[in-house]
């Protein structure tokens, strides 16, 4: 389609950070040209009965490229993201090699340039994510990296984390932590508790996460560094973050869709589809994560989209890699499982994460004239059945196979281009 | 003999047998196979034409020999996929292996694996019967059945028996399956171990817990000792083997605290001088060799139950008229 | 047959056994589980009354020797009890009803795993015909022609003939 053709999104209900209203939206040349009633354009996208929202932003995506292209590539991950309503995703640095230098950052950004979704990348805090030497954060920040994390592992050393935070404050970037004390995890493969005891699978205690949350809150207080807490999974983690925000610390937190929808009881099947880090926890933890999302202690819903090939998930539970798909199910899970106002849900999926990763100037913006046309149009009443095989991702490891969900992306517009129309990826 | 309600397709853990009635079925079937084992020709043609494959990812001469003897005494053919630790790399797909075995027309796969749940996964992929011969810390159902049988043989019944399981419960598949089997059969179970060797949670386990073996010993009918592995020291779960023996070992002095008729059991292999004093293992009250002997008959019963009994066929045995030659059953 | 008929048949068979074996010193009775066990005891009682000799009575369960394992539920009814050597003895297999002969075939195979008897004989209370194997009883209480789908029920009070329960 020529760039100049105008598009009208007709009959939808706009939901953005400023509120909700019914209006048509006209998009021209990658930007929103008009918002109003009875608008017309060269082309019409039907949004009757739909929500018209800023494109979603995933702050936690594993794209596997470079290194594990058989599980996912930037292209297939981005396509899945577009189908899931995302217009921006942030790649995690645990690739091979790790994203710990300007060179790898450039490679990932380059691969993302032609993708049907804006691909941003995080950078590693330490070289090779090994926790021993600071990665060249300034060099990566110069290329636009705004969030650093060793995701897949937490920075174990207290002293190293303190230095990283201090250094980050000078760059104005945010550090994100995968909170997990390796020694205390002791090789655990699921949440330590009733089910791990029964199943004979080595467990990792909730305290392995909580200790690092506690430490990093203390270090954030010490250094003044902005810290983002990734995939919170325990009730006490949520409570600590709630208190820290109330105390004025510059911290934010995310919850993944699986941590508010699944419990460790799923592991009874021994199916590594349910193996994930941090592990699925108790029903009380699930309730606490939901409560955190409700009261704002957790402002962000992330996917932790972690593709793995079928072969690796055919290994025994303790040998299989942790992680599950998320991009194509996150929105529907949030709409189906969270009893929250739709604006709050979209906020947690769009403008809140956009702020944390420093892309609030292009993504998550209110739907108003002149803003970039990164949009997703959602049919909130559409029901569908999850099928990993039908997903755009190169892998199929969804734990929601066969589950019926409510809410589906109808169209996604990336800088004005409809990359998804009527649920079909356009490229 | 009355069958339990649901057909038993796999034996992955004790609950697959459907509770006390199912375990009792195995016990009665074992009675018949004990008789077979005592004959001059200890072999029956019951599983002629059936093939049983061993898929042992973990070395275990004892369990494998026991299963192999059982299969041979039933006239089954056996096939060895026993994979030495060197030839099977971590990372080999379980699915590929299972499908390969099944393609050879195998009727049952006996699996031992260092990973909990590996037999469950295989059972989900194949039509053959899967028997768990030990998976990680999770389960070892045939060991639990032979333990039940040995207690029943010596005591007549498990109901009301007080059984202490002593030692490294946390890492023990034997303990997990024993707890399920013993309590299903109406026994009372006390786990005796230092807290570092207990599972992280005992929610839903119908057991009592003690850290004081001396106090428990006079109250038990059976003391069941678990093997103490040396690597537990390096994991800081125990200060030393000496301290373990001093506090939880069944020493010559401590065995005096047992009632005269109390039994001593051990799944083997024993660490004489660690969890059990050398002399204690050889006392008449020690039924450790009975356990080994019964192991063959119990495994015959399990193999026959899964492959030969036809309990999965319609109609279930309880509704079948009793006359041997009734054409309704032909 | 009523209970008197059954009793008379047992006595007659006992006499035949003594006559055929020229004494019963080397004779063992083995009842097939379950119906043949009571019959073996009854025969032993009669032999004792007639000859004053305690004939050993064992029992055998042939489930593991059947040829229909896997085709229908086959589980043993009881543990086989043959606590003596069979070598050189005359074994009289006892069963209540002889029908297709398949159970007897299984019993013959089972017996051979316990030793090598000098001879094996077969005593049945009812021979109802419909043999599927070349097996013939040596001692018969009564020949009872039946249809294939009839049921023969032998118990202490006699023998009943009924319709098959479907």
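By written order: A, B and C. Residues from 1 in each chain.
Following the convention adopted for this analysis, a contact is a pair of C-beta atoms (placed from the backbone, for glycine too) under 8 Å apart; a residue touches a chain by one contact, two chains touch by 3 or more.
Just so it is clear, the structure is predicted and the values come from calculations on it, not from any experiment.
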* **Chain nearest the overall C-alpha centroid of the shown protein atoms** => B
* Asked: Where centres are the averaged C-alpha coordinates, which chain has the largest centre distance to chain A?
  -> C
* Calculate how many whole Å lie between the centre of chain B and the centre of chain C, each centre taken as the average of the chain's C-alpha atoms. => 38
* Asked: Approximately how many whole Å separate the CA-defined centres of chain A and chain B?
  -> 46
* Asked: When the centre of a chain is set as the mean of its C-alpha atoms, what distance in Å lies between chain A and chain C?
  -> 77
* Structure fact -> chain C residues touching chain B in their complex are 32-35, 61, 63-65, 68-77, 79-81, 95, 97-100, 102-103, 109-110, 113-115, 148-149, 151-153, 164-166
* **Interface residues, chain B side, partner chain C - complex** => 1, 3, 29, 31-32, 34-36, 39-41, 43-47, 74, 304, 307-311, 313, 315-317, 320-330
* Asked: What part of chain A is in contact with chain B in the complex they form?
  -> 192-194, 196-203, 205, 269-271, 311, 314-319
* Structure fact -> Residue set of chain B touching chain A in the complex reads 90-91, 93-96, 113, 115-118, 120-121, 135-139, 173, 176, 199-205
